[in-house]
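What follows is a pair of complexes built around chain A, which joins chain B in one and chain C in the other.
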Partner chain A sequence: MNKERTLGEILRQQGVSRRGFLKFCATTASLMALPPGMVPTIARALENARRPSVIWLSFQECTGCTESLTRSHAPTIEGLIFDAISLDYHHTLQAAAGSAAEQARESAMKENFGNYLLVVDGSIPLANAGFSTIAGTSNLEILKEVAKGAAAIIAVGTCAAYGGLPHAKPNPTGAVPVSAIISDKPIVNVPGCPPIPVVISGVLTHFLTFGRLPDLDHLGRPLAFYGNNIHDRCYRRPFYERGQFAESFDDEGARKGWCLYKLGCKGPVTYNACATTKWNNGTSFPIESGHGCLGCSEPDFWDMGGFYRALSEPIGLSARTVAGGAIGGAALGAASGLLNRKKKAEALARHEKIGVDELKDGETK
Partner chain B sequence: MSKTSLERGLNILREQIDSPTAAFFSSCVHCGLCAQACLFYTETCNPAYIPIRKLEPMRRLWEQEYTLTGKLKKLLGLSRPITHEELEQWQELVYNSCSLCGRCSLVCPAGLDLTYMIRKFREGMAASGHAPEGLIGATTRAVELGSPMGVTLKALEAQAKHVKADSGLDIPFDVEGAEYLVLLSSMEIINYPEYLQAVARIFHQAKKTWTISSEAFEATNSGIQIGVSDIAAELVQRVVDAAEKLRVKTVISPECGHAYTAIRWEGPNLIGRPFGFRVRHILEVLDELREQGLLQVEGVEDARMTFHDPCQLVRRGGVIEAPRNLIRMVARNFVEMKDHGKMNWCCGAGGGVSANEDAAEIRLKAFKRKKKQLERLQVDGLVTACANCRIQIEEGLEENDMDMPVIGLTEMLASHLKDEEAREGGAT
Partner chain C sequence: MNSAEFLLWVRGSGLQIALWIFLFGMLIRLLEIFLLGRKKNLAELRASGTAAGLRTMISRSLPPGGNIIHRPRFTFVAGYAFHIGLFVVIFFLTPHIQVIESLTGLAWPALPTPVVDIFTVISLVAMLALLWHRLASRLLNFLSNGGDYLAWTLTFMPLLTGYMAYHHLWFPYTGLLAAHILSVELLLILFPFTKLTHTFTIFIARWYNGMMAGEKGVQS
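This part shows the complex of A and B:
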């Protein structure tokens, strides 16, 4: 693709109408809580934007973030925006392999030094550099090297943003997020396991339009998407207000679509846009499918005490409780083991031989 | 106390629950993989047939009697006691819709040997009076007449006469010091007498001495199928006595699946001591003869053939390569089913299912799995090595209007034996 063409030209070539393009600009503006007057600005900026170079680094991750972004639905305008950036390096999507791939990264870095966007998914292991390497180079080294010339960094997915699953207790790889390593570049966290596709394209659009990154909350997330919690925007909220809760996944309440709070929904403490933008081209989001929110866009959501434990229940155990429990359990176990042995021995002693006559005669006959 | 009762059944279950059972019940993670492994589930999609669920009353008894939480639950009335009504409901699940095929045990990621437990559960079911009528009848005949189908020595002698007329070979009875003691299943004596003739001809060619015991010719063991170890032990003891009296080196289990499991794997445990002789399946013996060059065949079949693995042979018994070595001697176009060897699908009638009239309907439903396999393969003929599988498959094929010969492997080999005269003429 010719890098010198503008986004507007590329989108028109791909068959996107002017009307479709403006609709996307308006959607993005409203999603990001920008005033309607900004729509023409966005349109103008996008029309004339040169395709920025994007380098995508994957570290300790499952490729779920990439899957979410590329396969979420049939080509949409978000998808085309992706076509319209110059994705110069991406493990899963690039055609080049081996040293050619690394060369692509190096030449993109050289050509666009200071201007390219760095997208990271996956966490970085610090316990041992050998836990995750690319072409023999540790994740830590690559990240530092590529970050040097980046205009900004987008940490996609909970792993890159907060450490995610690799960071879950006991964190065997010593996994840390991007922000724990890079401190001299603007970083946007786009957490979620995986994050919503439109959130990525929204952040990119903002960068193209204004030349800077959107406003962030205290956890480095774009306020426009992570400003509200799931619970406040949930369509089941009225049931919560009325105290109508599903008590199990197959009871009457669950069938009637009542609030899933007691089944462990983390909606009240989770800030994300699922309840409004939804998934799969606006089809639904997990609560709509009958399952509580896992809280995947929050730091350490794996260690929040179990997905099916209600938020207000006490969680976590102290070492003393555990030790006490273990000693008590061992004693009880030994005692019940002895009792069980006795019971079985008694049963064996009571055994009376069974023959054919017994089979033919009995209480049930 | 000489009759079945709930208390007696529960007491038997208390005896049967051992440390593997306790470990199994406590390590089930409810993943449901066993469901997909069970043909009674896959062919009906009825969740009642999920293998681990078939054990629910036994699991509850274990929990109530052998675990602290279970004891508390029982005390607080949170765990229902086991009743006759419940066990009656479970009869269908434990006997009709389980062929003890062992596929669930093999796929369980937590290593639960579900078949081992169902076998134990049947002990409790039988002692509480919940064994199916058909199996009680078969067991009674096995104990009283020596054969679950009521086949007497007279009937066997009559078949031996036919063999003599057909092949000119004598069927040796009660020969002391013979190398092999041949056992037969009643089904073979009545439905497939060709087997007896095939064995006679093969041993004649191999110049091996063999015999049948007039006191214990029956190989099948209804005690295992119904789940009464006392009876199973008695039936095993008959064979052991005969083999030791005739001082044979090897006892040969016939083309029957569970008979092999019964005598070879459960046998010594049932009677509580090791045997003084070897036990082999007929296919293992034939494969040994093949290796020694004592099984000489001629002519190769061009028909597209496949082999149905009897579950007790492959999955519970480990006889996997022998049948393949043997078939390849005489069939050029041998093809395997998709799931063959240890992952084969059961015919649907093993483990006492075929002796149980109540199970006739579900047994033919379960056959649909084999039907699908055969349809995919498009073969001209099916070889197997279990008379029970054979009857079920023949019935299933007929029921589904499929025309395909089903043949026993021993018979097939015998039909290719090198001509006696020609061989001897060639040798001299």
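This part shows the complex of A and C:
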């Protein structure tokens, strides 16, 4: 594809109607909570956008994020927009291999220095450079090198955003997120395991429309997509309020679609767009399929005390340690009690008894 | 440490430390009291003290009949409202029952959250009113010391943070939930060493009073 053509031209060539394109712009605007007046602006900006160069680096990951984006559903405008960026380097998707692939990356970096977007999925191992390498170069080195000329970095998936699965205890590879290494570039975290495809295209659209990255929350996520709490937007919320819970995955409560809190749903601490944009072409999201939210867009979701334990339940309590406290307290209490008893007995022994005889004499000893 | 790590810590190590200190401290306090023993009752028993002890534990927890009008009404109403509210909030919210069940294996049905929410508000308002009363009344002010205000703060914070977490007030839920659990842990840690021990000792004292009166054949 010719890089000089605009996004509008490419989409038209792909058979996307004007109506379909505007519909996408309107959906994106409403998803990002932008006023309807912004739709023409988005449309204009996207129409005229030159294909931005994107370098996609995959580190310690499972390719699930790429799968999510490329196989999301039958060709959609999200997918086509993804086609319409100049994806100059991506292990899984590029045709080139070996040194030709690395060359493609290097020439893209050179041509677009300072302007290309860097997308990262996967965490970076720090414990040993050899744990994950690309063409003999460690992940850490390659990230630092590519980040230098990037306009911005999009950390796709929970691994790149917060360390994800590789970062789970005991973190054998010393995995860290992108933000732990790069601090001088704007970074957008798009967490999720995997993230929702429309969120990626939303961030790209925002970048193409406004020339800057969207507003972020305290965890570096675009507020437009991660501003809502799953629990707040959950269609099962009324059952939580009423105290109606599924106690197991095949009881009456589960069949009636009651709240999954007791079965370990992490909805209350999870901020993501699943409950609103949903998955599989807007079909459903995990809670609608009868399984609690895993909280996959949150840091350390693997270590949240188990997927099937209620959020309020204690984790990793050692009964022995706690019992140690009880035994220690009991021993000390008993010792102190016996000491007090002794004191009492001594005081009693020292107590002088005064009888009538002593009083009669008008004197006490 | 981000809010997720903070939450993990308070649900794990933090709770472990708090429970350890709570059990350690409470057992010292209670065993000290029990092992001190009581004077032997040399008189012949008029009746069993057991029933009277149990009865008094309950009867003295209820408002006194008839003469309530002559008592300081404000303290009564606010005191009962706060204690009942606290009881309902602690023992009838689903996430709380889940905690108790995971620690002890005991569980019971929960109340709907809007009901628990109302009791939380009642407790919060009553506690604020009681604090205002304590500060405004010259007598109470004179009698109060740092321990009283510490006990008030330790009790108030879990209620406030729990209310804020449930309503997602001002901060993200994850951090609020962690702050809520931490406030409970502070309460547990200082519980044995403040006036909060009355939660246990009050019933022990009422039991003794009732039992001794019962053994003497006196109504208590």
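Of note:
Keep this in mind: the second predicted complex is superposed on the first by the 317 of 365 C-alpha atoms of A that agree within 3 Å, B and C clash if a C-alpha of one lies under 4 Å from a C-alpha of the other, contacts with A are read in each partner's own complex, and residues count from 1 in each chain.
Rule of thumb we're sticking to: a residue touches a chain if its C-beta (ideal position, glycine included) is under 8 Å from a C-beta of that chain, and two chains touch if they have at least 3 such contacts.
No experiment lies behind these values; they were computed from the predicted model shown.
Once the two complexes are laid over each other on the shared chain, residue contacts for A:15 go to neither chain B nor chain C.
Contacts of A:340 after superposition: both chain B and chain C are touched.
In the superposition on chain A, contact of A:348 is made with chain B only, not with chain C.
In the superposed model, A:299 makes contact with chain C only, not with chain B. Residue contacts after overlaying the shared chain place A:356 against chain B, while chain C stays out of touching range.
After overlaying the two complexes on the shared chain, residue contacts for A:242 are found with chain C alone; chain B is out of touch. In the superposition on chain A, contact is made by A:332 with both chain B and chain C.
Touched residues of chain A, counted separately for chain B and chain C, are more numerous for C. Of the two partner chains placed around the shared chain by superposition, neither chain B nor chain C is touched by A:36. Of the residues of chain A, those at positions 332, 336, 340, 344 touch chain B in one of the two structures and chain C in the other.
The part of chain A that touches chain C in the complex is made up of residues 217-219, 229, 231-232, 240-243, 245, 261-262, 268-269, 271, 298-301, 303-305, 309-318, 321-322, 324-326, 328-330, 332-334, 336-338, 340-341, 344. Taken in their complex, chain A has these residues touching chain B: 332, 336, 340, 343-344, 346-348, 350-365. Within the complex formed with chain A, the chain B residues making contact are 1-6, 8, 11-12, 14-15, 17-18, 65-68, 84, 88, 126-131, 136, 139-140, 143-144, 226, 228, 230-231.
Note for the complex: chain C touches chain A at residues 2-5, 7-8, 11-13, 15-16, 19-37, 94-96, 98-99, 102-103, 109-114, 168, 172-174, 177.
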